[in-house]
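A, B, C and D are the chain letters, set down in written order, and residue numbers restart from 1 in every chain.
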Amino acid sequence: MSRFLECRKISKVFGGIKALNNVSLSVAPHSIVGVIGPNGAGKTTLFNIISGSLLPSTGEVIFKGKRISGMGPARVCRLGIARTYQLVRPFNSLSAMENVMIGLAFGRAEPVARRARVAEAFKILQMVGLEGKTNHAAEGLTLVEKKHLEIARALATAPQILLLDEVVSGLNPTEITRTVDTIKQIQKRGITIIMVEHILKVVMALCERVVVLNYGVQIAEGTPEQVVLDEAVIEAYIGSFEDAEEKPHA
Amino acid sequence: MEKRFLAFCLTVALVIGFPFSAMAGPDAIHIGATVSQTGHFSSEVGPFKRLMTSWADLVNDQGGIMVEEYGKKLPVKFTIYDDKSDQATAKKYYERLATVDKVDMMLGPYSSPLTLAASTAGENHHIPFIAVCANSPKIYSRGFKWLVGVIDLGPRYTYRYWEMIKTEGKAKSVAFVVEDTIHPLGVFKGSQKLAEDAELKVLSSDIVPANTRDFTPIITKLKKESPDIVYVSSNIPFAINFMKQAKEMKLNPNEYHCIHHSGIFKDALGSAAEYVIGQSYWVEGMKLGDTQLINDVLKKADISEPRYPWSPAYVAAFQILQKAIENAGTLDKGKVVQSLKNLKMETVLGEARFAETGYGSINTYPSQIQGGVYKVIYPPDVATGKHTYPRPPWE
Amino acid sequence: MVFYSVFVLLWIILAALPWLGFSYGVVWIFLLAVSFTLALSYDIVGGYMGYMNLGHSTFFGLGAYTTAILLNQGFNLFTSLLAAFLLAAFFAALISYPLFRLRGAYFALATFGLISLIEVLTVNLRDLTGGSGGISTPPGNHMLPAYYMVLGVAAATMVLSHSVARSKFGLGLFSIREDEEVAQSFGVPTSLYKGLALVISSVPASLVGGIYVWNMTYVSPESVFGLEIALSPIIMAMLGGTGVMIGPLVGAVFITLVQEFLWTKVPYFHLAMYGTVLVLLGLFMPGGIVRTRWVKPFIQRLGLGEAVEYFKNVDAERMS
Amino acid sequence: MSADFIQLLVGGILLGGIYGLAAFGLSITFGVLNVLNLAHGDFLMLGSLLSYGLFVWLGINPFVAAILVIPAFMVLGVGFYLLLLKPIADKPPHQLLVASILVTLGASLFIEDITAYFWERPVTGISYTLPPMEVAGVVISSTRLLVLLFIFALACAMQLYLKKTFVGKSIRAIVQGREGAKVVGIPISRVSALAFSIGMALAASAGAFYVTLFTVTPVMGIPLTIKYLCVVVLGGLGSIVGSVFGGLILGVAETLTAYYCGAEWAPTIAFVLLILILIVRPEGLFGAKK
């Protein structure tokens, strides 16, 4: 039986290096799934493949019974999978309102009618707490605001699945708390969330299930509590920590 | 806000409108012209504003031009704009000369393209328009009634040279190298026929883009054909590059003809310019009647003839302009243009008259560089030297 | 709406100009309107979409030549203009495929090369185009009708540009300018929009090219494919401010005013002054005049600012 | 192969050398600063005029002059960089593109206008020619051959400089990727200034050679710049081998086209090659894939 979103045996090779090796992942509707792992584990590559920006070398992505790998990012977006970027990429000289409106106008399978767009965009900006910044150009916003703007832009496409790529990295504790609340809000509206995250605390607080990647290999899967006790995971994290100690300039 | 914007618009309209209220007084003969002070023609006519004002000064020193209707001499006044060597700008300023400055007559801009654009102003506003250095047949094929041109049509530009070749009967073949711009192309089209009339065999005609600087392929071809005459119909930079490379590649025909071979050509080529034939309106010492006026105007304007060999044509244009007004005896534009059309006079460059369609009769003479000096070599009654043919080959 | 009332007013003044005795003003405004239309139509690709199309004058030249050739064949003006803009639009659609494989400086360079290529073709296809000597069209005094036609095209271009900026299509163009990859993954049909933008921008340019040559009664390769006609509309758009509809207008008026009133006083160094202005613009005012501190508030209050500001008004209406 | 063909090939190669040298200067500045320097051709023109002055007024051989102009233009290049390009160097890509085209185009117009006014000659050419050589029926212009040899010597020196010295390596690193170079601690601004001055000096030096072969006009800059940009794209950014080969290819292609298809088609070949290479291999013949 095919699940809501399923990645089947995905591998990705970049010039001889295996960024992903036989990764499988299945996601139930309305859940929050975390993908964790040290730097270079292949988390962002996995996101790029799910969102359609990259083609997997082998394997496939199935969404609601449909094969979506190979469709290209625009169609995947319209089918209901939206994303944010690890290094934020809002449309810099456009206003927050316009950023969201681009999602509304282009990212939906059934675009919002012209007249309703402004009100709808405003509602979404309210949800991420940016209702006071509607007419500010994105380049003038703070990092946390930019991250929220990206979430809003993704939400504007009326996604069923939201891919959050390190959405709290670089934020201070207060901002993290706020962001975590926002994510919970979003989940309550029935949107499935897959998040790549570095900060384990956030993953522990939010995720129901966690997948751990290391050098492109899936080394563990389970509830957050199970995963942090997994030996391979500890090995991977500490190992990478030691590596970092030994070769500080690698 | 709207009121402020309206006020702004009105201010702009006023500012634009203001200069148009000036009127030419009836106490002067008002002549309008543009000069390419900037842009790519500036190297050819850049300082010619001085040429016009110097002539006006010379005439005004003697009281001006006699106009019978007013029973007195009226001074000449020029209004001159910079057309930036650009058609649209030229047309704009001639419209301005017609509607704002309300000139009595217009002198044309430099070159055929600018004249084609500018002369419509004279035609539309019924103002006599004297084209000076513009000889494309296109200008005179439009049935304009208010337009005359000083010089002969482009295709006839070198007819005296071909007459000489025919008379001498020594050369048997010719190859044309043509720069693809309006004037050299026109000269070539005429020359091709004239060469055939002179019973020369045309071995090849290469039409080469204007900015070409490397002539290796053409010279390679010409060496194979070995014509008697290599005829380069081009502007000066083109001819300099061609001659230089011809020498480097030892292309040795019996004669080189470069239609323009002014002072710049000679300086840049040095010994490679020796024995090259080209066209001159006038050279020092030519037996053409009274050419003192050329010397006077050029000296006052501080312009040297070898550097600007077309400057005498302007002096001839001034003479034509003066004579036409004197003959008409009035500044009435219709009568002036009639008097222009009927004009037949001796200018510093020989006889001037106008064809039915408006083009003139003044033309160039073949001249050869001999020992660094320009010698007019044909026809014999005005010549200052003898034709050297064949030229001594390069080692 | 403030926008429309201001421009209707301005256009009424301009349309009345010939009847108020400003016959030179007509010539002047004619050339200004030609430059302005070129600048504004350039801005759809250059400003809204952020692709610096240095070859925009190719469309102007194509329009001019098509019109001239057809007029000489005895077709009337309107048929000729129709053919001119259809041909230019077709050409734009054709070249959009190879050109838009490029971005940034490469795109700018390739479009600049395109003008030279078309110019050489025009010079070499002598039988069709009259070669370097150019073509004269049937003579006649067309100043007044040409003036009204150009005013009409300019007005239509403004309406076009204005509605593009406020449309979904415009939003898509903006997103391409900001980050083409992200735009694509949010479903903006980038290839289609880029081609469409080029085609749309080619139409006004080719139309004014046709009217221009009809009035000029003569066209040569250099007059429509030269450096001056290629660069000055772009410079006008940039001086005024790209990506804002009012920008090209401000730039065009500013430059033509300077040319008319300053340059007639100083005979030399026009290009040097022009160059200095460009350098200062690049160094200190990349947003153009309309984005400077002194001008921006005024423009905004008139409701002529950027699309960014447009939504502010909409919000205020809805939320209050 | 016929003698004609060899003659044309030789002619094309002799012509292409100068394209290569001028293009390489442009390639360095484009690669390091990511700036399309539209004033490049004007520096070539200024170099030509300086060399003309040295030859006509001081009697210095043009080949010596080609070396003498280098230091003068390096100073000029640093000045140009500090005054006009450094202030815009750190803008985001789209703004940098717009600003750099405005600044360099403005500089180009400024230089051309001022030069045209003060340098009263509309056409400048020196009457310097060496007697031609004839090898097996092929006439070789000695002037051009000497120019080509000088250019090869200069290109080799440049290649050594880029491969062996720290600054040279830094320049190559910046061409590869500005961000990366910044991370490893290369002083971007200083290296950029130096790279720009080298680019200028090469342009001026190419100008000194140019004036021994062709005429020079104050307003020739922009068409030349466009042609050299074609060579740069053809050869690949920042690659000296690429620029030289790109130049030679263009020189030979132009010569052959002019002979076999007619001289009027020669100017199209640069753009045809440009569009072809952009579609087939946008990084150029010798450029690294990014």
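The rule we apply is simple: a contact is a pair of C-beta atoms (placed from the backbone, for glycine too) under 8 Å apart; a residue touches a chain by one contact, two chains touch by 3 or more.
Just so it is clear, the model here is predicted, and its values are computed rather than measured.
S.K.: Using the touch definition from the top, how many steps at minimum link subunit A to subunit D?
M.R.: 2
S.K.: When the contacting C-beta pairs are counted for A-C and for C-D, which pair yields the higher total?
M.R.: More C-beta contacts join the chains of C-D.
S.K.: By mean C-alpha coordinates, which chain is most distant from subunit C?
M.R.: It is A whose centre lies farthest from that of subunit C.
S.K.: At what distance in angstrom does the C-alpha mean of subunit C lie from that of subunit A?
M.R.: 43
S.K.: Determine the centre-to-centre distance between subunit A and subunit B, using the mean Cα coordinates as centres, and give it in whole Å.
M.R.: 74
S.K.: Between subunit C and subunit D, what's the gap in Å when you average each chain's C-alpha atoms?
M.R.: Using C-alpha averages as centres, the distance is 33 Å.
S.K.: Provide the C-alpha centroid distance between subunit B and subunit D, rounded to the nearest whole angstrom.
M.R.: Centre separation, subunit B to subunit D: 37 Å.
S.K.: What parts of subunit B, by residue number, touch at least two of the other chains?
M.R.: Residue numbers touching two or more other chains: 38, 180, 209.
S.K.: Among the residues of subunit D, which ones contact at least 2 other chains?
M.R.: In subunit D, the residues touching two or more other chains are 113, 223, 264, 267.
S.K.: Please output the residue numbers of subunit A that touch at least 2 other chains, ranges allowed.
M.R.: 92
S.K.: Going by the touch rule stated at the top, which chains touch which?
M.R.: A-C, B-C, B-D, C-D
S.K.: Taking the touch rule as given, give the residues of subunit B at its contact with subunit C in the complex, in rising order.
M.R.: By the definition above, subunit B touches subunit C via 1-2, 5-6, 9-10, 12-13, 15-17, 20, 37-38, 49, 81-82, 84, 86-88, 91-92, 95-96, 99-100, 112-113, 116-117, 120, 123-124, 136, 138, 141-144, 180-182, 185-186, 209-210.
S.K.: Using the touch rule from the top, collect the residues of subunit C that touch subunit A in their complex.
M.R.: Its residues touching subunit A are 168, 171-172, 174-175, 177-179, 181-189, 307-309, 311-312, 314-315, 318-319.
S.K.: Could you please specify the touching residues of subunit B with respect to subunit D in the complex?
M.R.: It comes out as residues 38, 40, 42-44, 180, 206-209, 211-214, 216-218, 220-221, 223-224, 236-237, 240-241, 244-245, 247-250, 264, 267-272, 395.
S.K.: Inside the complex, what are the residues of subunit D that reach subunit B?
M.R.: By the definition above, subunit D touches subunit B via 4, 7-8, 11-12, 14-15, 113, 116, 121-127, 129, 131-132, 134, 139, 141, 143-144, 213-215, 217, 219, 223, 254-256, 258-259, 262-264, 266-267.
S.K.: Tell me, which parts of subunit C touch subunit D in their complex?
M.R.: Touch residues, subunit C against subunit D: 50, 52, 98, 101-102, 104-106, 108-110, 112-114, 116-117, 120-121, 123-124, 177, 227, 231, 235, 238, 242, 268-272, 274-283, 286.
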